[in-house]
Amino acid sequence: MANLNMVQALNLALREEMERDKNVVVLGEDVGRDGGVFRVTEGLLGRFGPERVMDTPLEEIGIVGAAFGMAVYGLKPVAEIQFMGFIYSAVDQLFSHAARIRARSRGRFTCSLVIRTPYGAGVKALEHHSESTEAIFCHMPGVKVVVPSSPSIAKGLLLSAIRDPNPVVFLEPTRLYRLIKEDVPEVEYTVPLEKARTVQKGKDVTVIAWGSMLHRTMQAMEGFDAEVIDLITLRPFDEETVLQSVKKTGRVVIVHEAPMTCGLGAELSATIAEHAMLHLKAPIIRVTGYDVVMPLPKLEDYYLPNVARIRKGIETVLQY
Amino acid sequence: MANLNMVQALNLALREEMERDKNVVVLGEDVGRDGGVFRVTEGLLGRFGPERVMDTPLEEIGIVGAAFGMAVYGLKPVAEIQFMGFIYSAVDQLFSHAARIRARSRGRFTCSLVIRTPYGAGVKALEHHSESTEAIFCHMPGVKVVVPSSPSIAKGLLLSAIRDPNPVVFLEPTRLYRLIKEDVPEVEYTVPLEKARTVQKGKDVTVIAWGSMLHRTMQAMEGFDAEVIDLITLRPFDEETVLQSVKKTGRVVIVHEAPMTCGLGAELSATIAEHAMLHLKAPIIRVTGYDVVMPLPKLEDYYLPNVARIRKGIETVLQY
Amino acid sequence: MPERIVESFQVRRLDILDEKGNAEAALTPAFTEEEMKRMYELLVLSRTFDQRALNLQREGRLGTYPSFLGQEASQVGSALAVEKSDWLFPSFRECGVYVAMGYPMHLLFQYWGGDERGMRIPDGMNVFPLSIPVGTQIPHAVGAAAAAKYRGDRVAAVVYFGDGGSSKGDFHEGLNMAGSFRLPVVFICENNQWAISVPRERQTAAKTIAQRAYAYGFEGIQVDGNDVFAVYKATRDALQKAKGGGGPTLIECFTYRMADHTTSDDASRYRPKEEIETWKAKDPVLRLRLYMEKKGLWTEAYQKEVEARAKAAVDEAQKKAETTAPPDPRDMFTYTYGSLTQRQTRQMKDF
Amino acid sequence: MPERIVESFQVRRLDILDEKGNAEAALTPAFTEEEMKRMYELLVLSRTFDQRALNLQREGRLGTYPSFLGQEASQVGSALAVEKSDWLFPSFRECGVYVAMGYPMHLLFQYWGGDERGMRIPDGMNVFPLSIPVGTQIPHAVGAAAAAKYRGDRVAAVVYFGDGGSSKGDFHEGLNMAGSFRLPVVFICENNQWAISVPRERQTAAKTIAQRAYAYGFEGIQVDGNDVFAVYKATRDALQKAKGGGGPTLIECFTYRMADHTTSDDASRYRPKEEIETWKAKDPVLRLRLYMEKKGLWTEAYQKEVEARAKAAVDEAQKKAETTAPPDPRDMFTYTYGSLTQRQTRQMKDF
């Protein structure tokens, strides 16, 4: 056991997996000499050398496109996109190729690829450094999307992502990088993909969240008998766990920081509205970012869901 | 009145608007000499010249990035992306710049830009030529997304899109390009954005669709007392019309050809589950494409929602 | 020195076999009689395949198809220079490359008939499924080359794209990364003078595509793309250099798209007939034939025999493709992820 | 001719004012005494602004800030060559350009303090809000130039980016389109030798960034980016050429990032102190000062006065920024679309 923050836990996961499996390589901007702008890849260059820890030129198409080529060749690349706001120029490579090669080649070629990227707001960053557009990636068949909510989950989840035979978008909540420290086992363990985690049991309402919003949510639970679900894998998400909980509580509040419209909350709500409608006692409430362009730091706190808004959402459904 | 198909109606809209407003320019691959691979821009080069109808090099980033620059300079560019499957490399320019310049400059700069692109399956096309990822664009604040379902709507809607002071993604259902002909007024008229169209009134169920699926839906209505809504503007969509209808019928079926997960159907369902829950008599059913990589022609018909699946969806909700 | 020259370049062009079938002896690769014949027969076979595909499309038995008529030397010549261990990344117009690599032709017919199984590459063959989004396959080759280098495999990656493809950001980022890491990649641009209706001169103001290599710090060379010897030599030399640690090379095959862009296109809308006529004279197959004739390796009888064998092979491939059972709709689900998701399992019950 | 040269290039480098303040008279632009002083005062003012921003960030009164220390000549020299009617597209490191253009400095402080209103460009000023996604602003300048050309405006677009930015696909597609349409654009690459921790040599294997222009069929030139005369002359000449219909130019300003990448960066992790030392000697401000001293245009007294005026201006800007009322949360909604959507209207009720 070591007491680590999420950055250290991710760094440990990478180091351990690279020692176990020489197919694992790391590439991206500033991941080598600098150890990544958040230090997630710190020390890897010295340990594994420049052909395995590649400081690439400033090219997101090149990073994801080349990582895809490596994956199909048989490696397990872990590519870093420095911030989620800069992933958009690479979605073509991800959507048109990484997500489809298995289908296109009818299984002859597969793509075991992880794209890591800092994600989300709450750190008073520059423009484009606070994106949370997970829903865009959750819409694409062939892609998996995961978000850890704690250091120990981060470590085990990254191992599962690296070992998964599909392209996985691994979103790292910037706000959590150094916020929490916890004991993280140094032994090898994994956190499974496609399984949600019930953070606390409860009877009156099911609250679903992930990443840094999971923490906000926990801060808002006082006085409620709420069942809280940490979704962890966003695509494909764990319908079973969600539906079972909803069928029990009959009330749902979904929390995410992305803008409401077409956010992942919509899919969760729709899934519930299709498969658990008859168990519902109240409307399904989404507490989310507003449908606006993500603001700069001075307005950031007005944009993000806060404890008060989350509590209000819960109180609303509890009125029914 | 002229009897036109959608290609001709769009071509007429462009020609008329370019004659009215010299700020309107057209750019894209093969839009000039060739008149566009679907002939939507046919004849424009000869009429308006190469500085106004630009055959660009093969570069989607360049097309959308330059169109954005033109728009901010004061023109009203209509950029064509040859197929929606090739728009992904341009989403960075659309999301990071076109969608944000108004917010970024606090209104000093705006971006009146239309991105036209053939959209959807059903024509037995090559891989990447049948995309329907409208939901990705519907998630982005600052962007508008529209889809016409007939030649006359196409003409009026394109005029509204060109005149709108925001970036508009104008999706043209490939399957409808030449499927239907109808009388299209040669006089100037517009079809407003952000307004859905009630295609037929009904009491028992509300069916929501757009683009080519609207047609499939109409073919599936026999024997049902269904209210059918053609959404037309997908973002921001007309909540009022949708909710009013649902509150009346109490049952909802949403039809789209994109894969189910995180498709626009999810947002419609979630909006209804939040604002009309108490009026619902049945689960909200989505009849959509499957969560798979869009197949090649031999399996295309298995992928797309068909009349039988749409009817089954309606019958399901009518059982309640 | 207030004004000085800090860098300078020269872009070479290689021609070996001319239109009359005369070859520059000093530069002609030393082909055995067999090799020469194999080359010629593959040129004929690929063209036979191409013509058949066009016919089948006209009869509605295939979907949209992009003919490579006129580009046979660029495709066969380069493919023959490749070793079995090398990796190939073709674009949509490279059926000639697949044929030259010995790819089962019935699979090509299956693919163009709209069946994914046609791109289920046979095990042991390092060829990629063709890429339709123009230019986007370029970084894939760069990644494969980086993987090979990391593993210490003596392998190079060869990627094909067109003059239009050289305008894509993917081209830039791919070539820049290959240069920066000095990777074993051979970039083959089949400059066929057109990108659908956009002529080469309007695709870019650069005089050659080859010169773009110098923007990335490695060599670019233009070759006569209708000259199978020149294409072969340039590719072979570039592969040797790549595997020797010399880094990437960009080869511009200067050729011509003799057919419409695809079967859905009508080139007469945008390009002059005369242009096609002038290129007819440069036919890549005819050229090798004249050369072999001079060397006594070609006779009418041989021609008939070669054509007959090609026809037979294509007939058989077509038959095999057309008698293959249609794909199972459940394949849509099976091949999206490594294993079915909860939701897919439910959806699959529809079948 | 089997092997022949089909194209060749030479990349020029321009140096006018050396480290000792000696200038190549023949090449030195004819500045009046005022112009010379204005140039010097803007160099001092921009550096004063930059230092203040760094201090304010340290005190937690600004957010992350990217210093342009060492790049003053590249930014001020080029900005001074621009006419009011031209359009500028700066990247995130170009506060020196904004200052030289007379952009209200309090707005810059406001912006880096996390307030969008700081990039509400004053009416009549054709400067774009700075672009943070590296290289993505390049096509915007190309589009603006195409619009100007279509309208017949005698206007050029000037776009700034770094050595790292020249690796992005946006660079490639932007420059290629500009070359293909022969548009009035001046591409200014501030090659400051580093992209965060990635040194220029590893960013690309190309010897210069300037040579990339030849991949697009137009001229590229490298200039000493710490030489305000060379930068000014190259920019002025390129603008004249652009407006005269001569098409685009790529100017590589060979300079150095003296500071950390941003205030969140620690460059000592990846680059040697000595490198910074050697560049200190090339300081762009010192150089002009020595030149003016030789010409009798610079005295200690003048220096004190210039610094005092700069400090006063920056003081006032800071005061103005810090006394500005905070932004209204409803602005988030107001400026997303031209008018509020049904949903936004409901959401806005939260405020």
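The chains carry the letters A, B, C and D, assigned in the order they are written, with residues numbered from 1 in each.
Throughout what follows, contacts are C-beta pairs under 8 Å (C-beta built on N, C-alpha and C of every residue); 3 or more make two chains touch, one makes a residue touch a chain.
Just so it is clear, the model here is predicted, and its values are computed rather than measured.
Chemist: Can you list every chain that touches chain A and also touches chain B?
Modeler: Of all the chains present, those in contact with both chain A and chain B are C, D.
Chemist: When contacts are scored as defined above, which chain pair ends up with more C-beta pairs, A-D or A-C?
Modeler: Higher contact count goes to A-C.
Chemist: So how far apart, in whole Å, are chain B and chain C when each is placed at the average of its C-alpha atoms?
Modeler: 36
Chemist: List the centre-to-centre spacing of chain B and chain D in whole Å, with centres computed as mean CA coordinates.
Modeler: 40
Chemist: Can you pull out the residues of chain B that are in contact with at least two other chains?
Modeler: Only 57, 59-62, 85, 89, 92, 96, 102-104, 127-128, 141-142, 236, 261, 291-293, 295 qualify.
Chemist: Enumerate the residues of chain D that touch no fewer than two other chains.
Modeler: 116, 133, 136, 167-170, 172-173, 176, 180, 202-204, 331-332, 335-336, 341, 343-344
Chemist: Given which chains touch which, is the overall layout a line, a ring, a star, complete, or other?
Modeler: complete
Chemist: In the complex formed with chain A, which residues of chain D make contact?
Modeler: 63-64, 92, 111, 113-116, 132-136, 164-165, 167-170, 195-198, 202-204, 264-265, 269-270, 326-327, 329, 331-333, 335-336, 341, 343-344, 347, 350-351
Chemist: List the residues on chain C that touch chain D in their complex, please.
Modeler: Residue positions touching the partner: 1-16, 24, 26-27, 167-173, 176, 179-180, 182, 202-208, 210-212, 214-218, 222, 247.
Chemist: Looking at the complex, which residues from chain B come into contact with chain A?
Modeler: 61, 85, 88-89, 91-92, 95-96, 99-100, 102-104, 127-128, 133, 135-136, 138-142, 235-236, 258-259, 261-267, 269-275, 277-278, 280, 282-286, 291-293, 295
Chemist: Using the touch definition from the top, list the residues of chain C that touch chain A in their complex.
Modeler: Those residues of chain C that touch chain A are 87, 116-117, 119-121, 123, 128-129, 131, 133, 136-151, 157, 169-170, 172-174, 176-177, 180-181, 331-332, 334-338, 341-344.
Chemist: Could you pull out which chain A residues touch chain C in their complex?
Modeler: Residues of chain A touching chain C: 25, 51-52, 54, 56-57, 59-62, 64-75, 77, 89, 92-93, 96-97, 101-110, 141-142, 144, 164-166, 194, 236, 238-240.
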